[in-house]
Amino acid sequence: MKLHSKDILGMKELTPGEILLILDTADSFAEVSTRDIKKVPTLRGKTIINLFYEASTRTRTSFELAAKRLSADAINISTSTSSVVKGETLIDTARTLEAMNPDIVVIRHSASGAPHLIARMVRHSVINGGDGFHEHPTQALLDMLTIRRRKGSLKGLEVAIIGDIAHSRVAHSNIHGLTRMGCRVTVCGPAPMIPRDVEKLGVSVTCNMEEAVRNRDVVMMLRIQFERHRASFPSIREYAKFYCLNEERLALANPGALVMHPGPINRGTEIAPDIADGMQSVILEQVTNGIAVRMALLYLLSGGSP
Amino acid sequence: MKLHSKDILGMKELTPGEILLILDTADSFAEVSTRDIKKVPTLRGKTIINLFYEASTRTRTSFELAAKRLSADAINISTSTSSVVKGETLIDTARTLEAMNPDIVVIRHSASGAPHLIARMVRHSVINGGDGFHEHPTQALLDMLTIRRRKGSLKGLEVAIIGDIAHSRVAHSNIHGLTRMGCRVTVCGPAPMIPRDVEKLGVSVTCNMEEAVRNRDVVMMLRIQFERHRASFPSIREYAKFYCLNEERLALANPGALVMHPGPINRGTEIAPDIADGMQSVILEQVTNGIAVRMALLYLLSGGSP
Amino acid sequence: MKLHSKDILGMKELTPGEILLILDTADSFAEVSTRDIKKVPTLRGKTIINLFYEASTRTRTSFELAAKRLSADAINISTSTSSVVKGETLIDTARTLEAMNPDIVVIRHSASGAPHLIARMVRHSVINGGDGFHEHPTQALLDMLTIRRRKGSLKGLEVAIIGDIAHSRVAHSNIHGLTRMGCRVTVCGPAPMIPRDVEKLGVSVTCNMEEAVRNRDVVMMLRIQFERHRASFPSIREYAKFYCLNEERLALANPGALVMHPGPINRGTEIAPDIADGMQSVILEQVTNGIAVRMALLYLLSGGSP
């Protein structure tokens, strides 16, 4: 089996079969990063470009490590050092990079749809590394891999996603991915942070965190992105009072419920420190699985089969 | 045959025989970037440092890819992260890098002559990646490779170079290189953008774009560098009115005339979008050939022979 | 023999036997950087992350080259591009990186003790690449390697360290390292730049530069770090008058005394240009030896034995 598209643009575009293919392939690559020699020659001579228009440690580093552990050549381009300062359009930058014969370009951009725009006009593969408020598919895939490794299967799990749903590309990608794989998803946050008509995506909605957490198998917290929309916010203290995941609230979830967060975390705002570092937290496993998922995607898009 | 110097500082310093050697070697490397495995072990264990005092996507990425496709180790140093912020002199930075035993250092600097200054005092090879208003030899070489691949030979071709000739290192390098290889070069731009005595370099001069374009085989547009000398400028609209390459003007050139631009392009200012993306445009081929030319230079300066 | 700790945090933590082990191993790696093919496969498949919270050319480049010449994968993270801008704590950044299974993380941070804090909580090795005013052990080790290569042995040598002792992590690391290896160390600088009770570390103290230099085998100048504490300073001219190493003062030292400086140098402030570039200067040898010392550390921390 192969992926039907040359690109990974969003969870919305992936079939359940493709998601399974990616997760299975990621499972088989996870072991590479635990070896003494963390490297396989699989993608030797391939060129992976990380084109990041937004700052990032974990996503860029994760893709770079995934590429290097597969022996590909990884090139980083970030806005601070790029000719973006010279006012080149995104499309011209993309076409210029295409002319350098990369195999895969990972794009992170503040504009929703930027990777899709690029993908349509270039021969090489494009991976969406996060676009505006739209999608962040590799995050959703690593989240799903993390849940599956812990719970055995995604099917029938009760998952709560809590925070600023409307402005979270992580939430959007997980809603598409988790519902597709048979999870029952409840989203929760202050009313202005819930997108209109989100129920049409097949999720339940509540503004009450206790209700959202009760009897869930997975509690996925979102990062409050102060740097993006500080203005539209009530006070942080107010937010934390109603939506911070603390011990009391987590106790409402099913025994052994997983606590997840895409990071970087705001300790004490969306998640209490003892919960972030606690027994039920799989936050660092998410990071570890991120490399495996990205290795799988680089491999599959390069024509590899499991 | 070998290059006579350990450095590539400018087209002015290269003989026609050396230019041919570089273009022939580049021709043989071009194929590597089209392979499934885009990598040869030629420069394994060599150290290439990209020392960039000015922002750049395409030149830095092109050199980095050229190095990696030859299996060399590439190190990037840009002003934003360098100890330049600590006020170290260029010469001390260069000597420090020399002490790390690099094989080749690519230098881009806003001061004309900076790479020449460094080259005289270090053992390793220096490649000028663009110095002030002076030279940008690897751009001229990739331009010449692009023309030769399309036209078969450089000899006897009629080439127009249009824009801010006085402040363009691309223009200067191409004037030296193209005239040396037997092209007839006409430069064109508003009077204040034409360097005094440029005719002494063996080129024709006109301020009239229609005259510059008529009966040419190659029309090479320059980037208007707003970020460098906005003050000395008339209005952009005024400039575009007289010097933008549009369909009407291009029709004056010879049939099949090549349209070139070093990028990044200002659409609608120096070149109309439909011309930049049109049948006669070889702008993206220039980018592709840039990697081949830089692979050739890294190879030849490392002691390789064709 | 092996290092007793998984980390290199400071010279204070290293025994004389460990220092000798590192210097001996560095001696054996020095030759690699002089080869035509400057690369050995020793650390293939290892992941080295350079996590730099302060700007640096020489230290970051030196670690990156050391890693690459040992065939390890090197990843650079600097504050300008990192999620530090998103307000993540140092500890969460460190734990996130740990989850990516690096073998060694090099940390430079403006806060004294930052690498120690991290080292205690992660499985992988941590190398202190400079922490606040505290320690810069790899600089001291490369200084000691440079002295030993020139003088044959460290034992019994008279060493002067001159400058802003109180705020110099280079001075602190060298004081610990050199005294441990049997050197007699004299520190010298304006009274406010001498740390209280520094004699307890086994060094002599003077505010008179002539006295500090007279009969020394090694004169180690420190960088005046204008960018850090400009306010606490008298005038630069005043400083240079009393503490700049010039020909007259160097003549007071023993014949063949070594002149050292960690760089980047402020010419004419702490060292006269003709002395920096003179016969007795080993400043560039320090840079060269820096790569050998860092190769040795990466090798030994990865479980290698000499």
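For clarity, chains are labelled A, B and C in written order, and residue numbers in each chain start from 1.
Throughout what follows, contacts are C-beta pairs under 8 Å (C-beta built on N, C-alpha and C of every residue); 3 or more make two chains touch, one makes a residue touch a chain.
For clarity, every value in this text was computed on a predicted model and none was experimentally measured.
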{"item": "Touch-based graph of the chains, sorted into line, ring, star, complete or other", "value": "complete"}
{"item": "Same or different residue numbers at the subunit A/subunit C copy interface, by half rule", "value": "different"}
{"item": "Angle, in degrees to the nearest 5, of the Cα rotation that carries subunit A onto subunit B", "value": "120"}
{"item": "Where subunit A and subunit C are represented by their mean Cα positions, the distance between them in whole Å", "value": "40"}
{"item": "Sequence positions of subunit A contacting 2 or more other chains", "value": "80"}
{"item": "Subunit B-facing residues of subunit C, complex", "value": "33-39, 52, 55-58, 60-62, 64-65, 68-69, 78, 80, 226-227, 263-267, 284-285, 287-288, 290-291"}
{"item": "Complex contacts: residues of subunit A adjacent to subunit B", "value": "44-47, 49, 73, 75, 77, 80-89, 92-93, 95-101"}
